[in-house]
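In what follows, structures are represented as structure tokens.
One chain, chain A, appears in both complexes that follow, with chain B as partner in the first and chain C in the second.
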Partner chain A sequence: MQFANLLLVRLLQTVVVIWVVVSIVFVVSRLIGNPETSLMPWDATNEDYERIREKLGLNDPLIVQYGKFLGDAVQGDLGFSYHRTGPAIDIVADKVLGTVKLTAAGLIVALGLGLPLGVLAALRRGSPMDWLARLVAVFGQATPSFWLGLMLIFFLATKVSWFPTAGAEGFRSLVLPAFALGLLSAAGFMRLTRSGMIDVMNTDFIRTARAKGLNERTVIMRHGLRHALIPVMTILGIELGRLIAGSVIIEVVFSWPGIGRLMIESILQSDYPTVQAGLVVIAASITLGNLIVDMTYRVIDPRIRMAAL
Partner chain B sequence: MAAHAEAAIEIEARRSWGRSYFTRRYLLVLPPMVIMVLFLIGGIFADVIAPGDPGQTHLLSRLEAPVFSGGTSEFPLGTDHVGRDIWTRIVHGARVSLIVVAIVVPGAALFGTAVGMFAGWRGGIVGQLLMRYVDVQLALPAILFAVLLGAVLGASLRNVIIILLVWTWTVYARLIRAEVLSLKEREFVVASLAAGGSNWWIMRKQLLPNVFNTIVVVMTLEIPIVIVAEASLSFLGVGAPVEQATWGRMITEARNYLTHAWWVMWMPGLALMLVALSGNLVGDWLRDLLDPRLRNLG
Partner chain C sequence: MSTRNYWKRMSRQRLSRRTLLRASARAGVGATGLALVGCGDDDDDAQQAVVQAQPQEQQEQPQPAEQPQQQQQQQQAMQQEQAEQQAEQQAQQVEQQEQQAEQGTVEAIEREEAQQDVEAAEPEVDLDAHVRVAIGRYTAGLDPQRSGSQTNYVNGACTFDSGMSNHPETAALEPNLVQLPEIVDPTNVIFHVTSGVVFHDGSPYTAHDLAFNFERVSSAAEYHQGGETSDHPNEWASARQAFGTDNFASYSVIDDLTMAVETPAPNASLAGSIMSGAVRHVSKNFVEEHGDAYVDAVFAMGTGPFRFVDSDPDVGANWTRNDDYHKPRDGLTNPRLPWYKDFEVQIRPEPLAQIAGIEAGEIDAIYNLPTDVVEPYRDNPNFKVLYQPSGQPTHYIMFNTHDSVAEVDGVPNPFLDIRVREAANLAINRQEIIDGLLTGSEGPAFGPYRGTIGYPGEALESRYHGYDPERAKALLEEAGYPDGLDVDLHIVTDFQPIVPIMALPVQEYLEAVGIRTTIKEYLSSEYFRTVRTFELPGMFWFFTNTIAEPETVIGSGVTESGFYAVSVYPETEIEELYQAQNQALDPAERARLLAELYITFYDNYSWLFLTEVSAATMTAANVNWPVGSAELRGEGTLSAIQKLKT
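== the complex of A and B ==
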């Protein structure tokens, strides 16, 4: 019962978030920008401008425009792209898979690098391994992702041609962008796993597990790591959002065909319907991602199942 | 709860590393501090350190190598694709970053703290609405809204500053609100209320001093974030205008010369990375010193 209530509340929150996003884009594009100037050729006459304003409904009072726009949006109609052919939402939908691939790969890098490094660093505190992990954490946190991406291209795609410099053809082209995207989150996961493991390895139930003769591997993996993963789960939702946000710049650096690059291009072309559609999709996926992580978390850790929001 | 556990772990870790921990920590934080000071000096005295015009092109000496890589001392760090002196541009780029930081960080701290204090102390519907807005903004990719604003407002340093202010104030608001909410329940605040202390007096004399460390620590940690954000905006083409030398724009323009003139991209990139790294290390150090509870801020 409580679970269902919670789900309902969170879904409502998602709707509110999307509404706020759509409204922000509406205000920014209609109040500050001039959609029609970006559509017209440079030699357009005043009558041409008048015609296009009439056609797009830009002569109506703002509140009417807003109402019409919201009404259309609720029915899934986010308008036609100004610069590409077709409904904005279809253009965005075309690029969803690219961003999903990149984000998933980034998450795999983040977890695949962060968790083992964190565990090793915790088990051998003060060792070279620990220092290496800390170094990765510090650099991962401080290096701007676009600069990291360019360095990776410089060393691994131009100095030695192990990976392509850009594009999205095959698995090899995914490696560099995924790494550039995932390193920041890897640093976060590493730090959390490390402190979690240090914490848990001193507890009584680990001593018991050792005392009953389990081998160290089982103690660490089955008893220790499982416990240390709880805080990692907590920030997984936040990190997922960060990865989606980070993919915007990474897609530009690596010319990766995804929503982020489409959005940047559309923003620079003042193609507001596409921008709107893109932001709605991104906002929805971040909030829904958070929701899924939250729900999984509650299933995994029964202790917080009864807690409020 | 997690924060307490982590703090306890850290204290234990420090003990196990021996008494020299703090001295060692000082030595470790010294180089980044020096870099930050150099960044500060470079930004303030840009005209003295690099008196040339950062936009001056030398079409006969395009893509010239730095002095340590076979170039001449006329262009110590080499030149870019239109023959502009990279050293001059980096120093003047530092000035742009510094101006942005000097306005955005205190500005966002002031506004965010005010909102956080209000939402924590008075709350009410307005406070709730403000915090919901903060939640929404923090949950969404700020970079997209920043680029949108940048594209609509147009390229200028003033607009970059506006964008970054809008981008960063929410962090302070959320943290300060949480702190005020817990301070509100503390006995000394309750006692002041009971003794008839005015809201204004309590905020000024009791809440502000208690959240001051948090503000200072977050401001320090925000310095590298703002620098990188400004560079990212320039990199995406919505930062400061073309005629202004910024690190982000230098890196973007250098992308096409990556293979045959490495220095064009590496010099501004290294400057950016060094300053971001140093800012982070100094911020971490200050946080451990002043406010270790913020450790799990990430």
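== the complex of A and C ==
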């Protein structure tokens, strides 16, 4: 299959995934919430409630509401926020940059910590360095991100005042949330890199590279790490989804303005259009992220490229 | 299941909370809302005086046989009596004038002393300070009268004003944008607008604005007719319809400073309701010029102590001091000319991140914090920790006694039997909840109206239901439930954090006497509408703010037509007393009737009365936040915050 065809198929799959996610959310949100309740006063009459339900189209059969929603959605119209006075997609779009910044920073922390630690641990297997790296990995995977976030605030923001305790003003305010978000993924990357490197460094081609007289740095970076990174690439897409999902909690702990906090507020207020628009953006981000990783994977690993062809 | 299980699980927390928080209770911090207790005593004395005077008048009436001789004497006596009465009246007038003069002198002295205190404090306070307060949520809407933005209390209190206000110490109604009402007759009232009040754009506040605000909150303003022609994309629904012109038979603007109102019947709560902080006043010209959507989403403009600058619902909002505010700093703590220049609200959903903000010097004050969160900081010199009743300090559970649930699955509603209601009340060990789960400084709840007009504190306390599980079991057996009964307990989980926590011991206490409950949880967006359908059987958890004017609470939760009146008892005198107090224009008589209503309601075991619930306020060490004994630290007292010079 040609690369372009493959890309087209994957894009179609992405659209299907987004459609399924949004459809599920559409149905579930209408089963559990009545948005008119939060729009009307406490002394509103049943007639008032009926009027606003009619105006919002909530009295239509579910299938009619769904058809209208899909029809509007394909035109880029995801409705008008019930509480924020603006098109839902615009409100979500305003928050995309915040979440992208946080997720990207979290990914940088994850890769920046996980890969070097994994390589070091593999090369010095059984040494204190290896033990330390594994300890960090266990700690990272076992620590809830919200607790880690609070501890980071407590020690690094209030005790030594290196970073602000909350907000999104400047680079310094990004450091703690990015670390709290990225540590879990860093632990995963570290373990995969370590095991991959241990396997690779015992293979014949590495022995051959050394026998050819290549310096150790070249052997590790060009031959060892490149191969060890293939499984890391495999889980990169999954980790990207985890980072986006994890950013919801981190945004709350660090008062970071992003899609996660917007979603929580919107869910509490039964603001369907904003919830749906937010989920479309999140689902699209995760599936597109996975698509990019898949495509990159095929570029990096000739075996997969050949298999696909 | 034993009632001890919950407390065993909680034992460690209970000990630490007791030790730490009882100290604050001993310090007396946070005691509010008791100033009005005892209003009924004066009235009782007056009644006794009337009863004692009657026999003397009867003795002084002449006998028929002595009429010829006595006519002259009688005339003389009458003249003498008239003269005496005139003299007495003159003496009373002189005494009254002297009292008024004396009272005026006292008030003048108090004002002067308060002014001296203000002048003495000013050099210590940084009047150009930038004060930052952290809150958990800030809804997007800026319109103080739109339902979809009804929880944006910060903007409401900063940018806007209410018609009248309550005295910080006595909770008595006071002039604000509008003077106290001039009562022409029982159904006609005149409101005089306070002269000299201006909006932030410099335009004067007039009686036309006053009338417009009533029309707008009752969705009767001509420009949008209940939202149908409003330019607001999600319809404009009033947050407080019942506080609008629904209360009026007719009204008219007489001139720029005067508005006349006629009510269908005498209405003792009229001014306290329609002029309360529930209705913040907007500018007629501004709203008509810009439309509802602009007012809600773009810019807020009112007469309040702060001028709106900008806001982002996910980051925060900014205001700056309104130097033209109509109330100067005079020592009182409800909205006055602020003690600082710039005001910033930061949105921090996580309470610990809010506290970290104070520790890092990024935040100056936080209010309405859960008490357990602030415990570790009580002795920290970098903080001031203050306890006080929270915004919704009284918790209780309403029994659904409506006709719609008179029978459930063919079985009579158990709560129609007063013995079952009494058993539920006797099942709860409130003191154990207060000591173990709360701060230890709270008291049991006697109703939704602590601190309101006529609240008979001592009389209610003497009737305290107490904790008697054996008696509760006996009552249930006597009522025909020897094996107990099964009911639903409906609770809201996201409105008051303590509710789902406190619901667990309450459930265990009830189960211990045989009332087995299934807890049904709701989000607030669902709960309040569910409550007012009155269609679900069982018990509904509720809570109430401390509000001086009781109509807000009893008008919605006690009277049979109330929106949240889940527990109604037509066979009792409750409704009659409600109607009577609402028509009693004499304040003393109204207070007496209210006291009687409160006692009758409590004696009827109308609700399962639980406890008060406290909240905490934290400030940085260089920040003062004084409030009156009838006030809460919150939106209504933000202008009183003082940041000291360092």
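One rule holds for everything that comes next: the second predicted complex is superposed on the first by the 303 of 309 C-alpha atoms of A that agree within 3 Å, B and C clash if a C-alpha of one lies under 4 Å from a C-alpha of the other, contacts with A are read in each partner's own complex, and residues count from 1 in each chain.
In this text, a residue touches a chain if its C-beta (ideal position, glycine included) is under 8 Å from a C-beta of that chain, and two chains touch if they have at least 3 such contacts.
What you are looking at is a predicted structure, and each value in this text was computed from that prediction instead of being measured.
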item	value
Three-chain arrangement built on chain A, chain B and chain C clash or fit	clash
Contacts of A:T158 with chain B and chain C, given as first, second, both or neither	both
Contacts of A:L150 with chain B and chain C, given as first, second, both or neither	both
Chain B versus chain C as contact partner of A:K95, first or second or both or neither	second
Touching partner for A:S255 - first (chain B), second (chain C), both, neither	second
First, second, both or neither for A:I286, with chain B first and chain C second	first
Touching partner for A:L268 - first (chain B), second (chain C), both, neither	both
Touched partner set for A:V138, first chain B, second chain C, both or neither	first
First (chain B), second (chain C), both or neither touched by A:T85	second
Clashing chain B stretch [against chain C; choices 2-10, 20-28 or 56-64]	56-64
Residues of chain A contacting chain B in one complex and chain C in the other	33, 150, 153-154, 158, 252, 264, 268, 270
Chain A residues within the chain C interface of the complex	33-35, 37-44, 48-49, 51-52, 55-56, 80-86, 95, 150, 153-154, 157-158, 161, 164-168, 252-255, 257, 261-262, 264-265, 268-270
Contact set on chain A toward chain B in their complex	16-17, 20-21, 24-25, 28-29, 32-33, 125-126, 138-139, 141-144, 146-147, 150-151, 153-154, 158, 188, 191-192, 195, 198-199, 231, 235, 241, 244-245, 248-249, 252, 260, 263-264, 267-268, 270, 275, 278-279, 282-283, 286-287, 290
In the complex with chain A, residue positions of chain B that touch it	2, 5-6, 9, 13, 16-17, 132-133, 136, 139-145, 147-149, 151-153, 224, 228, 231-232, 235-238, 251, 255, 258-259, 262, 265, 269, 272-273, 276-277, 279-281, 296, 298
List of chain C residues in touch with chain A within their complex	137, 139-141, 147-150, 232-235, 237-242, 293, 296-297, 312-315, 346-350, 352-353, 356-357, 359-360, 362, 494, 523-526, 528-529, 556, 563-564
